[in-house]
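See the structures that follow.
Next, two complexes with chain A in common: one pairs it with chain B, the other with chain C.
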Partner chain A sequence: MMYEMRALITFFAAFCRVSLSEDFGGSAFDRYDERLLFKPLPDGQVYAHFEFSTVFDEHINDVFWVDHFNLFPLAIGKFLANAKVQEMHFSLAKGFWKNSAWGYNARDAPNGAELTVYFQSFQDNPQKAWRDVTSVLSGHFCASLNFIDKAATVQPVYSFKPEGVLQNGSMRNDLLFYAALPHEALCTENLTPWKKLLPCFDKAGLASLLNARHIFNSHFVSLALDLKPICVNSDCYRTSISITQTISLIFNPPVVFDGKKSWSFIKFFGTPIKEVCQLASESTVLIDITQNDTSNPLTFTTPPSGLVVKKFGEKERKFATFDLKSIISEYKQQNMSKFNIVSLYKKNHVYASTTNPPPVFASRYITGYGVSQGGITCDIYNKLDKSVQIVYFDIIPWYLRIYVHTLKITVANKEIKPDTFYYKPAKDRSQPHHIEMLLTLLPNSVTTIHFDFDRQYLKWTEYPPDANHGVYVNSAVISLKLPTAQNMTVFSETSSSDFFLRIHTQSLLVSLATPDFSMPYNVICLVSTVVSLAFGPIHNLTTRKPQIPKSDEESKKQSLLNRIKNFFQNKKSHEKSD
Partner chain B sequence: MDVRVLFAFFFIANAFEKTVAVSAKVERFFEGKRHTNNWAVLVCSSRYWFNYRHVANVLSIYRSVKRLGIPDNRIILMLADDMPCNSRNPKPGTVFNNAHHHINVYGDDVEVDYRGYEVTVQNFIRLLTGRVNEGTPRSKQLLTDEGSNILIYLTGHGGEGFLKFQDSEEITSVELSDAFEQMYQKRRYNEILLITETCQAESMASKLYSPNILGIGSSKIGEDSLSHHGDPTIGVYVIDRYTYYALEFLEKVSINSSKSLSDFFSICPKRVCISTVTVRKDLFKRDPKNVPLTDFFGNVPEVKLLDLSSAHKVSIRNETDDRRDSERSFTLYSHNVIKHKWKKIDPFPVLTY
Partner chain C sequence: MGILTSDKSRKQGHILRALREHCNKLCVLAFVCGIFSFALLIHEKYCDSTYFSENALLPGLVNREFKEASFASDLYGALKNESVNYNNKIPYSWITSQFRRIGLEVYRQKFILKYPFGKQYKYKGENVYAILRAPRSASTEAIVLSTPYRGFDSIHGTTLPGIAMMIAIAKYFLSKNYWAKDIIFLISDHELVGMQAWLDAYHDIEKNAYSSIDYEKLEGRSGPIQGAINLEIHSDQNSRVELKIEGLNGQLPNLDLFNVAVELATRESITPTFHGQSHPFAADHWEIWKEHALTIGSMMISQAIGLPTGAHGLFQKFAIQSLTLEAIEKRQTDSSHVSVSFLHIGRLIEGIFRSLNNLLEKFNRSYWFYLLPSTRRYISIGYYMISFGLLVIPSLFKALNLYLNLNRDDETRDAKESFSLWNVLPSAFFCHFFGASLASLPFLIEKWASYQVNYGYETQNILYYSLLSFSLILMLNPFLKGQSAEQLKAYKCIALLNLALLFSCLSLLNISLAMFLTLIYIPIACSISTQSRFFLLNLIYKLFVILLHPLVIGYICLLAMSIWYDPQEAAVTHAHRAFEAHKKTILFYVEDWYIYGNWTYLFGTAFLFPLWLQLWYLL
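Moving on to the complex of A and B:
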């Protein structure tokens, strides 16, 4: 109901061209911005990253469901108030983000669903609140998040520290929860409720580009929702709430038509922008042209509104910007209704033989064969000339029994020790294995983490319906601080010298030993056959009287006459008996 | 003269027909609406890509009921596998009703309530009987009452007396009829239209014993229910015959349509369906000829009149609100007394040895 209402209001706002933010009587500090970043990648693909951010001017502890939610999504506001959530990070992704080829995603997400929640300090029962949060989100985003049970949840120790501000800067570990479902699908049914959280829904602005049929036709798609308290001012005795919705996409512009990797809004999204979201304070399209090749430059049919150089530490990045608000209003004056960015290359695309790998990336895989034992190996690459400290975070389901004594961390065949190591063993059906460690990656090295596991038998009703497909294991999460912003995708300028980063490895598919599910059926069939075959002879043997038949010679001796006589006599006797 | 007589005859016949139609309309008006709201439970119980057609079946009905006005929060959609974004689907985000890609039945605005491994017999029975687990979100509950007309559509692989779920378990017709009886005893419905699109579909309705249920099956006991045609671009059969013709029929129905349930019985004659469509009417009290199709496929707009004239004012506040407000003022108060400074912490752990 409220969605319709909001859509209606949005429509009204869009048609009347009146900014409603003041008329609503809400706080003037609420703000909604939308940005879209394009980044041509060295391998010829194009990275598109949408960011919709809303700031709600209300102290995190004071949100109540009766409050007036202005630009902030009501559904999230209510839920935030009821479950006393302070911070939440939720993502759904389809595909694997190839760090080694594409650099770092602005908002990294593993395949499937991932959820991190930090509760407010006066949440008395965080365990119950966590269950409520997963069930509410599962209903809201049409995802099977209700499968997040005790056996899938962990409370991280070193990783996943809250990203927003904390009361007195103190963090309590019992309020932090993490779970991931690597098997979770992502499709239109998840995108629709996600879009409905936006102030203009998908009717106007950048969100109108989000057409399911085009978005899911990409190489990688992830959607995320991040909610955290931020400071109102430098004193920071009060917070406001920031909600950021992001979508990351990797498109592969076809070269088959003219040999050039040219692209446009219509090619990627199937539609141009017709209407700008009037509720947005800022509506910008940024195109990263730092790596623009001078021999084959990227050109635009519409001249950009400006060129911006942003500084991220020592690195500088150049962006061509398109300010949608001014562009669309100009277009309206000239009676043109559609805005399409078309980017063209002068020459044919040449596939680069060398890509520029990011400083740190990882690859994780299953080792061993058969369905009784196996191992997990994670190779972490450090391409920097400095050593880097990382946190390695791994959750293994209880039905893969890992052996910590087999854990080996090697660099160039030399074993090293982690700086610190945390391990919480699994309990059957109620707790996964939880490994966290701090490691120092040596300069220009490959560090290999390896451990062995045994595959556990499940009860036959515990297997999923497609048991032979195997079970998924969460991706490992690596958190680190990089000394350089190389290969990173960030919006806001920073002067700091280190950049916090979180990357996810591949999720794994492990085949378990599956029982013969048709065994009961086979047993019934076989037993029935045996019983029926045995029954006949046994019945005959036990109920009939054995008699020695007359010898053949006697019967042959009977003359024809005698046989006829016999025949009639028999008949007579029959008649009698009737 | 002949012509004049003929004309007069036509005129009279026409007028007579009109009066009959009008009187039927008047009768229907005075009969009064027997139901106050509409719900739909649409279930595809099949997993795996080769069962694409079952997802197309259920989405065809979903599309129709949504178009005819049942809102998403009153449609419980169960899809046992992800076909639209399956990696084998060459056009991600779509499910089509035929090989020529006429209608994308999946649409751009879809909400799936139960999906993947969640589609189990247990969850289906829990949904129907309302005995859901604690903390189940509203979108996964059938919040019907005694004024609800429910359309239940089941598709999958069936046999005599059962329907397979996820290729690993079954619901029997006996279990289904017991669930309906529970619903009846708990006053969870006014009328139910049960449509089954499986092989031997007649058997799913054969064991029902609760009143006001109409059962339609796409095939007789002993008959297979067949698919309509295959799509070489996806390599599998697209849709089943009965639902293909049902969608074709429903596409022409609007919310104001006067089509009755009995019209719906004859959408798929044996000539095109190959299987025999069966209808079980003995539990249903009304004559299907007088039941508009939109009693099940459409939605009753909810209009509630409140008397605000007298001092009797409707308050939207209740006790919980007051309690929350007091809680709130308390937190505000405490928050004002002890001022907390909010700080960011280092996202990377700092070790203290």
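Moving on to the complex of A and C:
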């Protein structure tokens, strides 16, 4: 009843707003920004992060009645209206983001695909809607998201809370869905539909740098799409929809090129920027020069448009900025068509002997060997002087039977208890193990979470085509509020002292016992034949006392006639006994 | 269901009668056929050529482009100078800085070996390893390139060139974009101990108060290891590359890995050898047969001994396919112009690693159980098991014959005198009990370690003389002996069945050991008679059975080895030398059991010795 009422109200509201926006001829507050951040990392690699954000000035519940989408991608708009999606986070990545060496990714993504959806409160059948969402996205991004079934889906309890504005009170757990496919490979066919969502596609602006040939030559690629309702102004009287598309890349110039950390657009992406996206309100390239080494400084062939100092809590970061809009228009006036940023270092890169690890990071691995038992260990490092509370989230597929009684959380060989613990056991073929816990990491400590599992046999049709490769286990997710912006990568300035952070651990490869697929038919036939032939005699041999006929001589002396007689007599007595 | 036996058994009677009448002839025939068929298998025409079963390996499909040979030579020169200052300790700072300079993550791992006996010394060591992270992969799989550290004056030959090679190849690998698996470069301290400590730590094997290696947790790690290549390069100028595959307890790597190494070495014009023999090319079949026999004999001896021939042997326990590439140094006297330089070996390693990198699944095809008469020929389990079966079957024939005799006599005798096989149970049980107690002897010695130290006894002597005296006491023990002729028959029947059971089980774990033991045990066990009335004959039987005692077998082997290496020495010297070596060897096997999990001592005491006792009590 409540929902119906709400829907009715929303309907009226939408009706009014649609007529309003028609009057104005398109939404005046829609906005599209593109930004590219370069961050030289201490291990000589360079982190490039693209962020394309579109704001659609429409209430999320009203999208259903909208038929003109302007900058916002039509495909996504229609789909979110049909499925009544409130918030969605989708990512595809190839590689593992090494937090310990690279700091934190601006949009962290695990290897493979990851999808979180929160439905609008009047979605009557979220289970069905979730299936629809996965199939639609699967078709749209050419990814195997249709493999997300019941056995891969969980409904998080403490993690993955909606990040956007939640209307009408608190969040409902039954509307939140999470799934990850660690074996999903990111490739060109996923990138193209992703680029198509941008207003200028890849024809102009920063997106024109995204050439598949060069991107997939990097050391890490992740692309993500985040959709959430945001406040229009500080009092949050009205909300609009924000869609943020990000690509994170890691390049390794000293190894791939000439030992120097120098790079340029052409070296990384194979092309300079020729055209700026006219639809973009902002088009900037930022280069993090906070840790510019004075002995081997970073210089640019084209001077940057400006230097910006941004404050993140207590930390300050310095950026050199290039405002593409003004630069390209200047270039056009001078009849130059291509803009290339070239960053130069005079000397070769020297690898530091000590790394500067981030405050909190984790490493997760399989223990043991063989195909019957095993264990999973996750070491979580806290390098801060304060204790930090985290949420640990782990999904284990059903074919690994985990033993919860073996779950041990230790700090320096002392066992500790989690603050809160949630566990939902797996059901064969329909539900994975779902572990979530709140943990307090002690200052300067390594917390180890370990549990053992048994490997199950699958039915022989359930094995993947490359059965002996093994099966993947999702990466664990650690969410926390970090009291410092150290090693963080964020765009917007904040004055708050807490930074929400979500990191993913390694996904794991576990080998299962496999049947000999090369000859199941032969094996079945042969074994059955041998068993059927051999059972009788072996049964006879083992249950009877073998005896040798007593009178050897007699039987030898028997004449042929007697033998024949005996033969028939035997037969007769057989028949009688039968 | 009357295919093997008929129900109303006139036929059965015939077969059994034939068996009874011709038992001895059948036994001899089967045994001779066994030996003959094995000899035939070695022949070029009857053993198969090796081939690649795993298509994904694609060996030699790409051009090998390694060209950092001069870098490797420079590194070797620098490392030689550096190692002089370190007095056989690993120059950690030099190695870590080299790996770091090219841009790899470097880690170190400390470990302590707690020697379980005597003063219970603790030995400290530290491994160094570097990880090359494959681009765009999630560290889900790894390949290992390892080498044990041996200083410039090590008696086993230095491995410094191998380490230089490893760093050079790491630099080359890093510049390539095609890696799908992480590559771990591991330099182990204290040879196998360091390797074991690292592997234990990598798989996070649980440590307890009894484990002899205490290791530090690994700081950097990757996913499951799919393959490992162990390097032993002694010089920058080599004549050939020797492939070593026999691992701990006679375990072998997947034949595909061996084939990849052979194929790629041949393509780089390196002569791959196996037990010192390259693939023979001769017109004469007999010549080829002799070479095959030598190679396979050498392989079987090394497999039967159960000790790993290199650091690769420890990986196999963790289901990691691995082998050792040992570059044999070119001697000054070598007339041949063929020389295997850093460039060749680098390209060989590059080829093998690219093949391993191509693997989509872990090694799951080809053979794990095989014998190699040459680098290009193999005998699979399907063939050698036939020969082995023929060698073992006499004991079954004999046992069946004895069993039939027991049964037949049942009817002619009184019920009182009849003898069931179950009556053998107590005697057999006690034999096994004594075997198990001998196997647990080291634990007792370990427990009273302080006693040894205080009274100045050496562990090896305590162990050796305890084993000897225990055997003697059991030999003289009259209680477990069979008394009546019937009892003895039943004893022999069970002993023979036990032998067949033990050897056929062993053949699935270590075919070479099973084959050798079968060759000596079965003829003697089958031919000893329990009812000999002649004293002299009885004595000869006893002498033969004593020769089968596990300790005596060990002693004879060592004696033979001593004579082989030094034929000129006097017989007494040999006897004494073998005696001393014998004591050491037994302790050595016990140590190996503690540290790596070698089961030779356990097998000798808990499994072979009880059977020997059963045979002994027949006489």
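Heads up, the rule we're going with is that the second predicted complex is superposed on the first by the 484 of 578 C-alpha atoms of A that agree within 3 Å, B and C clash if a C-alpha of one lies under 4 Å from a C-alpha of the other, contacts with A are read in each partner's own complex, and residues count from 1 in each chain.
Operating definition for what follows: contacts are C-beta pairs under 8 Å (C-beta built on N, C-alpha and C of every residue); 3 or more make two chains touch, one makes a residue touch a chain.
Predicted, not measured: the structure shown is a model, and the values here were computed from it.
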Partner chain(s) touched by A:Asp466 [first = chain B, second = chain C, both, neither]: both
Contacts of A:Pro418 with chain B and chain C, given as first, second, both or neither: neither
Partner chain in contact with A:Gly139 - chain B first, chain C second, else both or neither: first
Chain B versus chain C as contact partner of A:Pro272, first or second or both or neither: neither
First, second, both or neither for A:Tyr365, with chain B first and chain C second: second
First, second, both or neither for A:Pro42, with chain B first and chain C second: neither
Touched partner set for A:Phe220, first chain B, second chain C, both or neither: second
Which of chain B and chain C A:Phe96 touches, first, second, both or neither: second
Shared chain A surface residues [contacts with chain B and with chain C]: 94, 216-217, 466
Residues on chain C engaged by chain A in the complex (per definition of touch): 1-5, 7-10, 12-13, 16-17, 20, 97, 100-101, 103, 105, 133, 135-141, 174-175, 177, 203-205, 221, 223-224, 318-319, 360-362, 364-365, 404, 407-408
Complex interface listing, chain B residues touching chain A: 47-48, 73, 82, 84-85, 91-94, 104, 106-113, 115-118, 135-140, 166-169, 321, 324-325, 328, 331-332, 335, 339-349, 351
Of all residues in chain A, those that touch chain B in their complex: 1, 59, 61-62, 64-66, 94, 122, 131-132, 135-136, 138-140, 142, 144, 146-147, 158, 161-169, 171, 183, 185-189, 192-193, 211-213, 215-217, 229, 231, 235-239, 389, 391, 419-420, 438, 464-466, 479-481, 500, 517
Chain C partner contacts - residues on chain A that touch it in the complex: 43-44, 94-96, 98, 101, 111-112, 182, 216-221, 252, 254-256, 351, 353, 363, 365-370, 375, 377, 466-470, 472, 506-509, 511, 514, 518, 533-538, 540-541, 545-549, 552, 570, 574
